[in-house]
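Reading through the structure tokens given below for one structure.
Letters A, B, C, D and E name the chains as they come in the text, with residue numbers starting at 1 for each one.
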Amino acid sequence: MLQETVTIIAYAFISLLVITIYGLTLNGLVMKIVARVHGRFGPPLWQPFIDIIKNNAKRTMIYHGTMFFLGPVFRIAGGIGTYLFIPAIHGSEVFANFSFSGDLLLVMYFFFFGQLGMALGAGESGHPYSAIAVSRGLAQMTAFEVPFALSVISLAIQYQTLSITGIVSAQQGGILHWTVFTNPLATVAALIALLGMNMHSPFDIVLAPQEIPIGPPTEFHSAYLGLLQTNRAIFNLAKLVLFMNLYFGGATNILILIIKTFSIYMLSVIVGVSFPRFRTEQSIRFFLGIPTILGILAVIFQKL
Amino acid sequence: MLKNQENQPQKLANAGLPEHEKYLFCDARPRIRHPFKGFWEKFLNWARANSIWMLAYGTGCGAIELRPLMTARYDVFRYGIAPRPTPRQSSVIIIGGYCSVKTLKRIIRSYEQMQNPKFVLALGSCTINGGMYWDSYNTINRIDAYIPVDIYIAGCMPRPEAIIAGFKKLKQLIKSGKAEGANLYAENFDWYKANQKKIIKDWNMPDYNW
Amino acid sequence: MVEPIYLFIILPVAAFLMGSLHQHLNRWQVFIFFTVLLFSFYLPIPWLIHLLKGGSTAQVFTAGFLPPISINLQIGIEEAFLMTIINLLGIMGAFYLLHHFRGTVYGPILYLVFIMGLNGIIMTRDLFNLFVFMEITSISLYSLITLSGSSENLTAGFKYIIASGIASILFLIGTIYLYYLTGTLNIDVMIASGYKIVGPAGSIALIMLLSAIIVELKQFPVNGWALDIYTASDPGIAAIIAGGSSSAMFFAAYKLLPLWSPSLSSIIAGIGIMTYVLMNLMGLKQVKANRLLGYSSIAQIGLLVGLSALLLHSTPVTGLTTIWIILGGLLINHLLAKAGLFWISGLIKGESLSSWSVLRKYPSLLFIFACLLMALAGLPPFPGFWVKWNIAMQLAQHKQFLWLGFIMLGTLLEAVYFFRWFGLIMKSELTTGIRVRISSLLPIFTGTFLMFFISLTMMNLLSGFNFNMLLPILIATLIFALKLIPGKLKALMTIFIIMFYFYFLLPELSGLYRLFAIIFFPLSALFMIAAMNKPGYRNGYFELLILIVLSLGNLLTSHTSLQFFYSWEVITVATYLIILRGVKRFDTALLYLVFSLAGALMILAGFSYSYAVTGSTFLGILGSSNSQITIYILLVGGFLIKTGAVGVHIWLPGAYAETEDDFSPIISAILSKTGILGLLLVLLLMGKSFAANTELNTILGWIGVLTAFLGALFAIFQEDLKYMLAYSSMGQVGYIVLALALYSHLGWTAALYLAFNHIFFKGILFLAAAGIIQRLGTRKMYEMGGLINRMPLSFLAVLISIIALSGVPPLSGFGSKWLLYNALLEKEWYLQAALAFFASTVAFLYCFRLIHSIFLGQEKTRFRQVKEASLWFLIPQYVLIALIMLISLFPNIIIEPIAQVMADFIPATLSWEGNTLMSSLGYWNGNVIMIITMGVFMIPLIGLLLRVRSMQKVKQFNIVYAAERPDKPETTHVAHNFFPHYQKALGFLVTPLVSKFWAAVSEWCHTIAGVLRNIYTGNGQTYALHIVFMVVLIYILAGV
Amino acid sequence: MAKYFVIIILLILLFLIFWNLQKNTAPRNRLDLLSSRYIDQGPREVGSANLVTAVVVAYRGFDTLGEVIVLFLAATGVGFLMQKRQKAYPKSNPASEILRTGSDVLLPVIILTGTYIFLHGHLTPGGGFQGGVVIASGFLLQFLARPESRIKVRKLHFIESISGFFYVLSGLAGLILAGGFLDSRFLPLGKWGELISAGAIPLIYSFIGLKVGSELVGILNNLKGD
Amino acid sequence: MREMAFLGFALVLLGFWAMLTRKNILRIIIGFTIIDSGIHLIIVNLGYLPGRTAPILEKGMRVGDLSKHFVDPIPSALVLTAIVIGLAVTALMLVYAVRIYERKRTLNIDKYRELKW
């Protein structure tokens, strides 16, 4: 029993480490790609690592209060937790994480854990922009969760399970078994929702550096920021892995995982570099419009 | 090199604030933060040098030169330099040209809100001796009487290439552990503060903006 | 037993003698007056006892001949009963009027003759003699009305004479033609020879007679004069008119009932019930107290007339006893209550409704007043309640559903204006203007006491004596009597009593009921700890709490729908009163009451329909196969109102938010579950084959999920802390309704789990809100801010509860969401699941707003000195937090018993593997999730804690502020209008359409009432015209 | 004008109803059982030659009691209402000589006639009420002739209440001595057609006559207003 | 004689007309008495049988066969009561008129509308 537990925890650490490194690299890569789109060279691939080191190397920190202090902790706990509840690689023991403890619903609700904590921390900083950004972020979140939820429901109908492992195993055996082909409407709806989740343009209303200097983390710095940046890598990848599992047949080894998550992420990135920003209410209306209809259609088609 | 501050009072008076607002501001003195010794500090300094986040705050006309710096032509991102909208997260503040009294107040506030280690890059002649506005009633002639400047980049205005050169110099300073402006400021806090208060008449902020 | 004829000897003799001998009699006059009245009161009592024991109806002959040759009187059980109460009223009224009778001999004489006239009307069996006695009462009233001698008295009296004169003319025409047709004046013979009353002549004669009686009964529309009489005459006189004269006239009408043909009978029923509805409608516009009472009196008599025509004539009489209890109970209820109200009105100097607020200074009078109002509105524990119940049952049994609907509408309208009045009294400016005399008080108190006694008798007759049903009221009264005990001690006593009751109740309950008992007793006791906080005696609060909670227990133990409904109404009333205690304006409490009563009436309709179909009030059977849809709709509709479902939710926010802070947790957490209990019972008892499969469940589910969604959406736009929590409650209960509607094992498990969870977190939130509001003195969230430093314990409590609310793992809220979605998907309610999910994300918005606006952000200067909330608020909060933590770590300890209970009704679809909960779709291991979350939380936390030495704690204005410094905390704290973008995007969904709709309904009711009452122009000639018009109308309607 | 129109329409309709009522009652050719019985048995049972009186005083005596009470109520009510008057009317002009003399002459005759009428109520048309009214009319004449004259109100009340008292007492006597309350047969019926006959009817009618007379005088006195 | 009933009804309607249209309360009272008279006429008329006489025995009448000669005595008895009651009501109405006039200095019924609705 003890040995089993230790093994599981060790595996989780390995999985987490791999995913963190990959996530940070992916962020660097994206910066590079964005720079290329701009016609620049861009920072080096490892720039995110340096940034994290630098932030942690800051000698001073301030704190506004307990929740401010705990905010980033919540955030990264949320990111790590989300990732750990998703089986990353199908069939792999190391990357199965803690997916035995809950199903898709758990993951969907665990998304909120970090956001809520971060919002609380940002709130305690007392900075008006933080509060405004949180208000925007939460508002947008409610909107993009709708098509995503519909899409998940469509999957639940399709596969008659809410277990992510179950959904992945049902997609094995050929590219045509992937949800993206068997249930394209649900996939489209979910991918549009993913754009919102990733908060790239046109949905970057939370950070919006030109309006409300980077929103919730305005007051966060030094080691806090280090944690947030780490989380950004992990949480981002958690979402990508989830989408890969749900819609793109999952991954059987780390290479496929990298390829698939990278490809999914590229969608956000390409959309991001191509569009300006929505206003919040536009974003809400957008998600409750076509994507929601697609989601509803996906549910209806599956039910028929 | 750095003096101990034991005999100084621990709390700031914040005399510029009205009594009923004093509780709203932190009254702690800035403290000297000693660097680590040896390789560890060198490693950290390497990271600090390669990830310079500058405060996106155009204090003067020189800010015009910062846009080309970040776009495709000069692309300072190559060097790990990136703009940052909040002083809390930035490590360098660029004094972009002539500095009026009014701006100085904001510069001081922003500078104080940045976290140690932090660096100051002064741009153009005006920051050195007032430049063409040397005899203006409202222009600060010598910026380093108010905040510790790491690098001056001469010129009116300095071209982006000069600025990049300045950054390179700053990197070298950081790597060599010589860019300890923040500690300098803390060490000579009373002197700096006295200078600042001498020129800023309507001092309505705490003595140190945490 | 004294022969009743002596009434007609002693009373006139006394009157004659007093007329001339008063100078000689002096003080003996009063003595004679009361002796004679006492004699008249005593006379029927032995008869009543004799008849109740089974004695036969007695006839009294006059002139030494047998009827029909001479006039005869009859004393049967009805007559004896009515005479007893009317003569009792006579004594009490005389006592009340004693003051007025000083210095005049005419008053007592007229009064004596009036009482004699009433007895004559009741007893006589001769049509013309009836006319004579009617004239005797009318003529004595003509004079008595002018007792106070104002000009209003005189003009009103003149109108009365005109109307009554026309009525007697019509009566005479009718009588003489009936005599012509039948050759007799004896009512019994006339009824027996009813075959002779044929053809147009017979019908018209009957119409004339009927019209006269309708005028005398003051039915719509020929009652303008009566309203004036009630308004203008001395309250003591109005009391005996409303109580005595109307009752006697009703009895006269009752005597003649067998004469009417079926078509006339239905006209009478229609007129009576329309009078009931329209008078109550017009009462809405009334601002004068006495006139309002007049409207109500007329309405009540209308109900009596309508019911007697419906129950005794147009359908065959089945259970005479029940009908007797209805009519007798209604009569006595009306008689005592209305007389009492008129008597009280005599004490009040002003004539407007609000001038009665002076009653606040006399709690005992106020108490009586409330009792009388409740009696008239048909609320327990007064006779009116039993009557209401039986009316519904009887009418349903006779398939008179349309009339039943009208009667319910009338009841509701009556409750509206009565309780609006009560609210006005409780909440308007205190006026000074009361004259309290012992002689005036005595009859008032006696009457009310009598009413309790009669109610007890009726309870005994109708449902069998049930000590449990009385117990809450007894205990509450007992505590109320201990007036001078400090509030804290009372709170302690309350908690003890509740737990004690729980201790005795628990062994009697099983399964589901036991779970609800846990909700109702220990948890509400826990919430009551908060009440220890407030200083002072808090009279009424704890008594009502006991009443509510103990009645909740009775709800669980009731076996018949009557018992259930009784406890239900007790809870409604007690809750209304407790809300009214706390609110600043009465309309919130009124709204609560009106909607609750409307719900209760729907439930009553459902029960009565079920009774009509099955013939049983046993709760175990609700309807048979062919009637289930109606019963389902009625009952579910009624219970939905109680849960505050969308569309009928507008009472909810005010009631939850405006009430006292330490009651809000109880009403929103505990009492909202009564509706859930009701819904669950309906689904359980409707019969599985129907309830499990009906499409109506789908509608119910949609209502639930829409409530959840709109409740959450409303909540996010509230600036008021308690309103936000109230709307949140509405939404959360919506989830529970949705889960119940699923009718699956998983769904019901989810429902109860949600219920428990909701109690925990909403209890904490409301308690924390109470603590905050107590310290800050404001409910506006944007005025708060930064309180985390001042109230860290409250903050922690709120934090944990909002995590539990929003369903974020690892706390208990996620369990409820998991169960709910699994249940929804299992049932294939996909779109509902999506909307529920949307609603649950919307809930984040208000959760964050709640905690941010209050505890985070900028601390306001004026709240720098506030202290942590009172310990009495914190204790229950932390107990609840412990419970939340417990069920988060070990969800099984609560899900398992719930699932087991539910498995008794529906086969289980939930299973366990160790600590992992498995449904057909997914799985969930709360225990492990909690540990993992803790783990991933601790690692970065420790990392960060290592850096703590390099950290500087800063103050609230040490923020980066675009190189400036913030100006004021008030302008820096972002809290007001927190979701403007949401307002822009989805604000159209929260347009208060429902409120507008109900406001329009209310507006229209008032407008129609205003237009309708224009017929009462105040001109005697118009009133005369009304009578002519009515005669013509009845003629046309009767189709002669 | 609209109001008049409505009233006219309604009254026309009312008249149609009355028309309908009267038109549809079949004419009577013979008496009903009850009235035949009164006529056939009345003289023997009650001993009254005037059968209307038999009905009024004996068969429907209870009605008559009510009737007396109604009048009593009217008198009391008038007293009650006039008691609260605020002020008296200005005195009217004295009546003419002719009227005064005429009334002085007529008053005894009128009272005598009235007394005759109620004493012979069981024999000839008339009775207590009629007699009482005739008596009262004499006093009315007196009031008109001598507005300033005062009536001894206490005596009037005394007569009124004593006669009322005895009327009820005679009813009680009927209850105790004869068949029922207000049974007039507790005195011997005598031979019909004579003054002292028909049981207690003359007695009762006398009481009624006195009572009615005094009551009406009381009403007139009150209305006269002093 | 049956047509006398219509006369009675005509009186009733006349009385009603007075009652409903006249503004002076004294006229209304008169209207009321007219109605009363009409009713009395109707009542008496209903008791009348053609060719018969009042139910008062005179010497020489044969007891036992009287019911063929007399009109119905009951309506006559009733009308007596009705007259008395009408008288009582009229008296009270008049007193009311006196009192109201004292108070309001007008006999116009339209002016007595302080109570309405």
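Keep this in mind: a contact is a pair of C-beta atoms (placed from the backbone, for glycine too) under 8 Å apart; a residue touches a chain by one contact, two chains touch by 3 or more.
Since we're looking at a predicted model, the values are computed, not measured.
**Student:** Just knock out chain B conceptually, keep positions unchanged, and give the connected chain sets.
**Tutor:** So the chains, chain B excluded, remain one piece.
**Student:** What is the shortest path, in steps, from chain A to chain E when you may only step between chains that touch?
**Tutor:** 2
**Student:** Measuring centre to centre with C-alpha atoms, which chain is farthest from chain C?
**Tutor:** B
**Student:** Whose C-alpha centre lies nearest the centre of all protein C-alpha atoms?
**Tutor:** C
**Student:** Give me the two chains with the most inter-chain contact pairs.
**Tutor:** Comparing chain pairs, contacts are most numerous for A-C.
**Student:** Which chain has its C-alpha centroid at the greatest distance from the C-alpha centroid of chain E?
**Tutor:** Relative to chain E, the chain whose C-alpha centre sits farthest away is B.
**Student:** List the centre-to-centre spacing of chain B and chain C in whole Å, with centres computed as mean CA coordinates.
**Tutor:** 73
**Student:** Could you state the distance in Å from the CA-based centre of chain A to that of chain C?
**Tutor:** Measuring from centre to centre gives 54 Å for this pair.
**Student:** In whole angstrom, how far does the Cα centroid of chain C sit from the Cα centroid of chain E?
**Tutor:** 50
**Student:** For chain C versus chain D, what separation do you get between their C-alpha means, in angstrom?
**Tutor:** Averaging C-alpha atoms per chain gives centres 55 Å apart.
**Student:** Can you pull out the residues of chain E that are in contact with at least two other chains?
**Tutor:** Within chain E, the residues that touch at least two other chains are 12, 16, 20-21, 46, 74, 81, 85, 88-89, 92, 96, 99.
**Student:** Please list all residues of chain C that touch 2 or more other chains.
**Tutor:** 128, 132, 135, 139, 142-143, 146, 173, 177, 180, 950, 952-954, 956-958, 960, 1025, 1028
**Student:** Hunt down the residues of chain D that sit against at least two other chains at once, touch-wise.
**Tutor:** Answer for chain D, listing residues that touch two or more other chains: 7, 11, 14, 22, 25, 28, 32, 34-35, 38, 60, 63, 66-67, 70, 73-74, 77, 81, 84.
**Student:** By the touch definition up top, name every chain pair that qualifies.
**Tutor:** A-B, A-C, B-C, C-D, C-E, D-E
**Student:** If we count contacts the way the header does, which residues on chain A are in touch with chain B in the complex?
**Tutor:** 31, 35, 38-44, 47, 50-51, 53-55, 57-62, 209, 213-214, 217-222, 225
**Student:** Under the touch definition given earlier, write down the residues of chain B that touch chain A in their complex.
**Tutor:** 33, 35, 43-44, 47-48, 50-51, 71-72, 75, 77-78, 80, 82, 85-86, 88-89, 91, 115-117, 182, 210
**Student:** Where on chain B does chain C make contact in their complex?
**Tutor:** Contact set of chain B toward chain C: 20-21, 23-26, 28, 33, 57, 86-88, 106-107, 109-110, 113, 204-205, 209-210.
**Student:** In their complex, what parts of chain D are in touch with chain C?
**Tutor:** On the chain D side, the touching residues are 6-7, 10-11, 13-14, 17, 20-22, 24-25, 28, 32-35, 37-38, 45, 58-63, 65-67, 69-70, 72-74, 76-77, 79-81, 83-84, 154, 157-158, 160-162, 164-165, 168-169, 171-172, 174-175, 178-185.
**Student:** In their complex, what parts of chain A are in touch with chain C?
**Tutor:** Residues in contact with chain C: 59-67, 69-70, 72-74, 76-77, 80-81, 84-85, 98, 100-106, 109-110, 112-113, 116, 119-120, 123-128, 131-132, 134-136, 138-139, 141-143, 145-146, 149-150, 153-154, 156-157, 160-163, 213, 218-219, 222-224, 227, 279-281, 284-285, 288, 295-296, 299, 303.
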